[in-house]
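So that you can tell them apart, the chains are marked A, B and C in the order they are listed, and the count of residues begins at 1 in each.
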Amino acid sequence: MTNWKRRHILSLADFTPDEYNTVLKTAASFREVLSRKTKKVPTLQGLVVANLFFEASTRTRNSFELAAKRLSADILNFAPGTSSLSKGETILDTAKTYWAMGTDLMVIRHQEAGVPGAIAQALDHLGAKVSILNAGDGQHEHPSQALLDLFTICSLLDPVNPRWELLQGKKVAIVGDILHSRVARSNLWSLLSSGAEVHLAAPPTLLPQLFSNWGKDTHPQGKLVLHWELPPALEGADFVMTLRLQTERMRAHLLPSLREYHQNFGLTHDRLQLCQPQVKVLHPGPVNRGVEISSELMDDPAFSLIPAQVTSGIAVRMALLYLVGVGNQPLN
Amino acid sequence: MTNWKRRHILSLADFTPDEYNTVLKTAASFREVLSRKTKKVPTLQGLVVANLFFEASTRTRNSFELAAKRLSADILNFAPGTSSLSKGETILDTAKTYWAMGTDLMVIRHQEAGVPGAIAQALDHLGAKVSILNAGDGQHEHPSQALLDLFTICSLLDPVNPRWELLQGKKVAIVGDILHSRVARSNLWSLLSSGAEVHLAAPPTLLPQLFSNWGKDTHPQGKLVLHWELPPALEGADFVMTLRLQTERMRAHLLPSLREYHQNFGLTHDRLQLCQPQVKVLHPGPVNRGVEISSELMDDPAFSLIPAQVTSGIAVRMALLYLVGVGNQPLN
Amino acid sequence: MTNWKRRHILSLADFTPDEYNTVLKTAASFREVLSRKTKKVPTLQGLVVANLFFEASTRTRNSFELAAKRLSADILNFAPGTSSLSKGETILDTAKTYWAMGTDLMVIRHQEAGVPGAIAQALDHLGAKVSILNAGDGQHEHPSQALLDLFTICSLLDPVNPRWELLQGKKVAIVGDILHSRVARSNLWSLLSSGAEVHLAAPPTLLPQLFSNWGKDTHPQGKLVLHWELPPALEGADFVMTLRLQTERMRAHLLPSLREYHQNFGLTHDRLQLCQPQVKVLHPGPVNRGVEISSELMDDPAFSLIPAQVTSGIAVRMALLYLVGVGNQPLN
């Protein structure tokens, strides 16, 4: 049915154009399912999806959970607060336990970079036919978020046939705490490889100079420009991605104040006048209203793609679960 | 199938006789389903019910959850402790996120009065076809509890055809912390409109004089009497509803002691001798045994409707989810 | 379909040979289901399983939950942190509430010995047709764990036809904190009754002399030997069960240090040379690596049955839910 080969979805660093387009195409077909009265398909019936969220999350966990339910999978939720971790079990032993229970797909979020990848490697080594989906690991990657951003943008550019090539030549600005953002990193891979022109904007404490070398080796065709102020990043932009500002950054003295941050890097209707007239704004959520973006702009359907991103999340996560899940199923 | 028009169930203040009877009739038909071997119907298959319990609750959440499962809906649970709220997201943004994910019905509990209503208004304004069910908001209302109380009482009066008119002329006493009780408020609406004679009994600190004006404007046919002691409220009563006493009230100096409260307002077999011989006792749970009601009375099936209330809860919540859920479904 | 008579599974103290073999046989048939592409059967469709875990647990709760899902039951989870217990409701009232909601099977874990049994007795007294499965109560019993251990061992001895008699004459060592272990107690019942030779090994603070009388009255055929050092217990052993060491034991001065404990009672490849060459090691999990067992031994598939135990857990718990659940169903 599909020629998908990748067992785990851990990072977008080595995603191929074919893979991006297969995800987009599959998500588009699930979006069609979601427009029906009965929004379920029996595709993954009898398979078990375990949500191992070592780092708490409601939004992403519920999005994966609903995607799995709409594919008729069974779901196990791992609750970190009440878990064996407090009893001294290692993370890998927890994952092996879920594997031994019969889990087919594990959706893993962890505060440390590399944990989903390490679990995938260990389970592969044991011959387990389990797929790992990285739902965010430290400051490393958040592939499903970047793929839903991609799907949201490409669906806007061509609702019938969203495809990766549509991004070629578009100017995309990414604004905010790039240094600490796994969302930014995953998006950089998909954007750089698609031929978009990527402009990063943030205060220097959140955007070190070394980011200018990002992807030089692996994505030499990528176009990346750094700015320590907002206006040049916005100028003529087709899409602006804002990132969530962790308020912890204030306490770490990386930023003076939320008010000053908003004054310099917050998106408003006024600021968007520098962009293309059709410019759209994205945010991975949850939003600090009045910090990364003004409340008015966030709620303006003429500019904000934020609800569309959430909706896309279900279709894209259904696509990811489907692509790795069907690949793993024995042909009975 | 039904001429139900109301999209949200937020309050009983403006419920019509027809609406009360439609809920009772629908609940009676689901009670029949619950007596079968396979207690499920496919009515809401493919629909998503999100339980947004900003205030923690196991009993009410599980009751709505089981009702939704028996209608074959998919369920998302919002866990306040691990949520985006701690990340600064507004309540309304949380609700909008669940809407964007594809939620069809939201069951909302919040410690502040008016939150479910405000969310309903905002989503209506956005053109969302989402139904909100108030599962308790501050000291405002708890409509599904009052409706299950109504169903429990009317089913006792006529098991085959429970209907709202049966309450006419019955004497119903409501005893306890009326001032702070959303259960009492919702029950007052259904009882006053049904033509029952309602007697409130509590210490003056928990039952201010102003309650005597309750419903004067909207339910002029209602009969409401206040008592600052228990016996006159019980005299000749057909039904006695006791309310849960929050132990916090002691600390706020609204009550001298639990022992004294029980002595003056606690229900016992002895006290019930003032009532009709067939009198029945209700309590929304969880019960403080030996405070609102004696342990012996609570466990006496000749008087206690408490287990029947819990059972009614499933049928009534199935009815509510069905009535608003079927109304919202596109005709495919 | 089966002649199973027991409504509750609370303890293995009075399990009969027939009952052990019915569980083993039923679990074997579900293991076959779990090897299919679609690992679900509709057996318990429409029935409700409530997980009442007053003591937190992820592993056992998820195992029961997945077992119930694969039988197509509906599941309610009771979350102790957010529950009515903090509101002063008694445990029994909580159980009665779940019964009144329509729960068919309750899986109960509690930190106090006897709670599941007390609930079962009270519900029986009320005429409730509810089954209670003890998922661990204090230091009393953990029957499903001992039954999955039995199934794991017997399946190794005869994969096609695992049966209780296979244990006759086998030497089984149980090592570790026997005094505080409900797993050890439940395993003692099944092992003593099967005719295995059971050797207990632990420091004297964790293995009082009185254990030598264990089962003397009820299982006079049982062979039980106590050791306050490890080597004689391992000598010629066919199976070694290690128990989790609660680190709280150190603080209670029952043990000098984890390092010394491992030196004296920890299992290693070296130590196993005293056993039969085909010896296998079991552990109920979660494991403290390097304490009860060396990390290398735990990960060595030639010796470790630990993943097999987790896998057996699903089949055995499906069997238990099936046996008591089908017995409770009205013949529609």
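One rule holds in what follows: a residue touches a chain if its C-beta (ideal position, glycine included) is under 8 Å from a C-beta of that chain, and two chains touch if they have at least 3 such contacts.
All figures in this text were calculated on a predicted structure; none of them were measured in a lab.
*Asks:* Touch graph of the chains shown: is it line, ring, star, complete or other?
*Replies:* Shape of the chain contacts: complete, all pairs touching.
*Asks:* Using only Cα atoms, superpose subunit B on subunit C and state the rotation angle in degrees, rounded to the nearest 5.
*Replies:* So the angle, rounded to a multiple of 5, is 120 degrees.
*Asks:* Would you mind pulling out the distance in Å between where the CA atoms of subunit A average out and where those of subunit C do?
*Replies:* Chain centroid spacing, subunit A to subunit C, equals 41 Å.
*Asks:* So which stretches of subunit B touch two or more other chains?
*Replies:* 81 - these are the residues of subunit B that touch more than one other chain.
*Asks:* Can you list the subunit B residues touching subunit C in their complex?
*Replies:* Listed in rising order, the residues are 34, 36-40, 56-59, 62-63, 65-66, 69-70, 81, 244, 247, 285-289, 307-311, 313-314.
*Asks:* With touch defined as at the start, can you tell me which subunit A residues reach subunit C in the complex?
*Replies:* Touching subunit C from subunit A are residues 45-48, 74, 76, 78-79, 81-84, 87-90, 93-94, 96-102, 329-332.
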